[in-house]
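Listed below are the structures to be examined.
Next come two complexes, and both contain chain A; in the first it sits with chain B, in the second with chain C.
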Partner chain A sequence: MSKQETRSPLPGIFYRKATPDSPPYKNDGDAVAAGDTIGLIEVMKSFHEVKAEVSGSAIRFVVDNEDAVMAGDVLAEIEG
Partner chain B sequence: MTIRSVLVANRGEIAVRIIRAAKALGLRTIQVYSAADADSLAVRLADEAVAIGPAAAKKSYLNIEAIIEAAQKTKAEAVHPGYGFLAENADFADAVVAAGLRFVGPSGASIRLLGDKVAAREAARKAGVPTVPGSDGRVADANAAAAIARGIGFPVMIKAAAGGGGRGIRIIQDAAEFERQFPQASAEAAAAFGDGGLYVEKVIAKARHIEVQILGDGRNFVHCFERECSLQRRRQKVWEEAPAFRLPQAIREKLCASAVALARSVGYVGAGTVEYLYDEQAQDFYFIEVNTRIQVEHPVTEMITGIDLVQEMLKIAGGDPLSVRQEDVAIAGHAIECRINAEDPFKDFQPWPGTVERLVVPDGRHVRFDTMLFEGYAVPPFYDSLLGKLVVHGDTREQCLSRLSDALAGLEIGGIPTTVPLHRALAADPDVATGNVHTRFLEKWLETGLAATSGEKEVAL
Partner chain C sequence: MAVKVIKPGLATSVQDLGRPGYFHLGIPIGGAMDRLALRAANLLVGNDEGAAALEAVFVGPELEFTADTVIAVTGADMPLKIDGEEQPGWTTLAVKRGQVLSFGFLKSGARIYIAFAGGVDVPVALGSRSTYVIGALGGFNGRPLAAGDELPIGNGGPARVGRSVPQALRRTPGRPAELRVLPGLYWHRIREESQASFFDDGWKVAPEADRMGYRFRGGRPLSFVEREQPFGAGSDPSNIVDSCYPYGSIQVPGGTEPIILHRDAVSGGGYFMIGTVISADMDLIGQMQPNTPTGFVKVTMDEALKARADRARLLDDVRSAVD
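Moving on, here comes the complex of A and B:
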C-alpha cells in the first residue's frame, strides 16, 4: 500500500474544521478524493484551504487541530 | 502610584509600546511570550520574560490561566492587556482582579456592559448619545426584524450582538435579500460568537468614522478630542488622523461631550474610545460602539494633545486620579498614522510573513515609528500582520501630509512586502489631500488608485 504525504503550503495555524463548532473536514480513516478540503491554514488571520492532492482509502492526520505548522510540514498521510 | 510592576499580556508593537511607557514610570516590566515570540523585541526589552505556551494564540496569549500564573510567579502587581487578544475579555479582567492584581483597564462589569452591542447602545441612549436608527436591542425573530427594516428603509445592516471589529455585519439591499440573509446571519453569529443574537440598523451613506478618546478614573472623566478613521479596507482601519478634518467646532464640542457623558454614566476607569458614524451632509453623528481598551491608533491623539495615554492608563490602574483636567486638554496641530502591515498591496493584501533583511526608519521631531521590528527579525505567521505605525505631526494638515510623504520616502523595510507603497500613494492622492473620503472610499480607490501609481511594479492589482 502506498502512502502519500500532504504538506502545508504555508506557515501558520492548522485547523481541521471550518469553524470551532463544525465537524472536522475529515476524520482519521476517512476515504479522500483528490481536491477534497482536509483543513485550513491561518496565516496572519487570513484563511487558506488545504486540499488533498491524491485520492486514497484512508487519511491519517499527523498534526493536531490548532497546531502551528511551518511551510512544508507534513499535515496528513493518505493511503492509496 | 501604588504599583511597582506590570505584566504585558500582549505581543508585537503594542507590547513594546507598553514596556516603554511602564519603564518611563519606573515600573518593573514582565513580558509573557509564546514559543513563536521568544526572539521578540518586547522580550528583549522587558526586565523579565515568561514563556506561556505554544505559538497558537489560543494556547498562549488567550490562555487566561497561564497568564495569571506567570503574573503570580513573577509577583507582578498589574496586567496590561494591550489591544486584541484578551483586552476586551471581561472574564480575564475579573480573573486578574480575583488573583489580587490590578487590571489596566475598566472593570469586568464595564467591559461586559459595553462589549454587548445592544446593552452599549442602550447605555448610550440613556446618556443622551445619538444612536443609529434601528431595532432598539436584539430582534425577537425574522418577522419582527423585517418589519423594523421596512420601517427604517433599505439598505440596512444586520449586526451580530456579540460581534465587533467589523465582524458579524451584513448590508442588505432589499426585503427579499433580508428574508434570505437573516437566518444565515443568525446561524453564523451563533457559530462565530456563541450568541445568535442580532440587531438591525440603518446604513448611513458616505459616512465618516470618527471616534473620541476618553479617560476616566471612576470619578473624573475627560475626552482627548477625536480621531478620523474613515480610510478602511474590509472594515479594518488603514490610516488615521487627529483631529477630524472639516468638523465644525460646535459639532466637535457636542461629539466629545457625548463621549464624556457616556463614560460618566458607567463610571468608566481607564482609557477608552467611543466610536461614531458621522453624516457630514446632515452634520449628524451616531454612536457605534465603545472600545474598552487602548486602540492601535492612539498615537495620533498623543501627538496633538501631548498626553501619554499608555502612561495615563498605568497611573490610573495604580490608583492615581486623572492627571489632566478637561481645560488642560487642547489640540495642537495635526497628526496622521499609517498602519504598516506585512501584506502585499499589489496582491490583494495577501499577508506575508518573513524575515526583515533591512530596516531604515525616518526620524526627526515630528516623526514617530511604533514598531517591534529590527533587522533580522522573523515576522511569525501566527498573529496579525501589523508591523508598525508611522505617525507624523504638522502644524496644519497640509504640513502634516507633506512631512508624511517625506517620512514614507525615508521608511524602508526590506525582505518582506509591506503596505508602505499603499501609503505613499494615498499621501499623494488629491481626494485624501482634500479629505474627500468616507468609510467606503478606500475599497473603491483600490480598484484603480494603486494600480495607477504602481508603474514600477510588474504586477497590477
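Moving on, here comes the complex of A and C:
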C-alpha cells in the first residue's frame, strides 16, 4: 500500500468542515478522489480549499479541526 | 519583454515603495510590506531601489519569461526554482526566454519580492505603481495577479549575475518576534496594570493579519481609566474622538486584540491607540506568519531614533554589498 501525504500550501487555521454546523468533508477511513476537498485553510480573512492530489481507498487526518498549521505541514495521509 | 503568469499564488501584487502624500485623503501609503527586501531585490538586478516588483505572500507564483532577463528573489525563505532546478535567494540570477520560475513551500517569513531588470512597467497611479487592492488603484489593473496575465517589464541595464546579499544583512523576525513600541498620545487612557501587561504578555499573530493590519491575540484584555466619553467619541471605553491613525499605530478595539496598521491601512478613525511600532521594525511585521509568537518591547524616542539610524546603516551596507 502506498501512502501519499497531503500538505498545507499555506500557513493558517485548518478546518475540516465548510461551516461549524456542516459534517466534515471527510472522515478518517473515507475513500477520496483526486480533486476532492478535504478541508479549508483560513488566512488573511479568506478561506482556501485544500484538495486531495491523489485518489485513495482511505484518508487519515494528522491535524485536528481548528489547529494552526504552517505551510508544508502534513494535513492528512491517503492510502492508495 | 513580458512575464506570463501561469499560476498567480495566493495574493501576488505589484509593489514599489508606495505613494506617500495622500494619506490625509484616505489613500494609504501602500508599497512593499518589507521595504528592505524590495530595495535589495531591485539593487541585485540593477534597478532603482524603488522600482516596481512583485510581492507574493505565503505562496509563490509560477511565471514564464518571454525574453532573456535578470531577476532576484528576496524576503521570506521559500525555495525558488528555475525550470525545476533550485536556485539561491537574495542573488542575481540570469533567466532565459521560455524558462519558468516556480516556488516550493514557504519555510520561514511571509513575503517574497521578485524583481526583474527594468522593473514592472505598469502605469503610475498617484505617484506609484503599488497595488491598492481595496481601492482598485495602481498595480496591474488595480488587482492581484491572475493566471493568464502578461506583466510588462521595462528595459533593464546590465546587472552582474551571481552577486548576493550576505546572510548577515538579511532580516527576519526572531521567535518570538520582538516589536519595539513607543507609547503614544492615548497612553493615559489605560490603567497602570494594562500599561504593564501589554508588554509583559505573549501574543500571537492572528490569521486575519494582512496588508491593512496585523491583528494579535493571546494577551490579557486592557482595562481603561474610567471617564465620561467626550462628545463625538463612541460609547466603548476604547473609543476616542476620531483621530489620525499613523502607519504603525496599534489600536485595540474593545481593549482585546491589538491591531498594528500597515501599508494599506485606513488613515483615521475612533479607536484609541496604545502606541506606535517604530519605523525600524515595520519591515519585520511583513515577514510574520499567522501564529508567530510576538512580544512588544517598550522603547523611548531616543531608542527609536537610534534604531532608525541603525536601520539606515543596514541599508547602506546592503547597497555596498551588491555594488
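Please note the rule applied: the second predicted complex is superposed on the first by the 80 of 80 C-alpha atoms of A that agree within 3 Å, B and C clash if a C-alpha of one lies under 4 Å from a C-alpha of the other, contacts with A are read in each partner's own complex, and residues count from 1 in each chain.
By definition in this document, a residue touches a chain if its C-beta (ideal position, glycine included) is under 8 Å from a C-beta of that chain, and two chains touch if they have at least 3 such contacts.
Source: prediction; values computed, not measured.
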Is A:Glu66 in contact with chain B, with chain C, with both, or with neither (first, second, both, neither)?
first
Would you sort A:Pro9 into first (chain B), second (chain C), both or neither based on which partner it touches?
second
Just checking: does A:Val43 make contact with chain B only, chain C only, both, or neither of them? Give me first, second, both or neither.
both
After lining up the shared chain so the two structures overlap, which partner does A:Lys51 touch, if you call chain B first and chain C second: first, second, both or neither?
neither
By the touch definition at the top of the document, which applies to A:Pro20: first (chain B), second (chain C), both, or neither?
first
Common interface residues of chain A - those touching chain B in one complex and chain C in the other:
10-13, 42-45, 68
Note which residues of chain A are touching chain B in the complex, please.
10-13, 19-22, 42-46, 66-68
Using the touch rule from the top, collect the residues of chain A that touch chain C in their complex.
7, 9-13, 42-45, 48, 68, 70-72
Over in the complex, which chain C residues touch chain A? Could you list them?
10-11, 57-59, 105-107, 110, 207-210, 289-291
Chain A-touching residues of chain B, taken from the complex the two chains share
35-36, 54-56, 58-59, 191-192, 342-343, 350-351, 353, 381-385
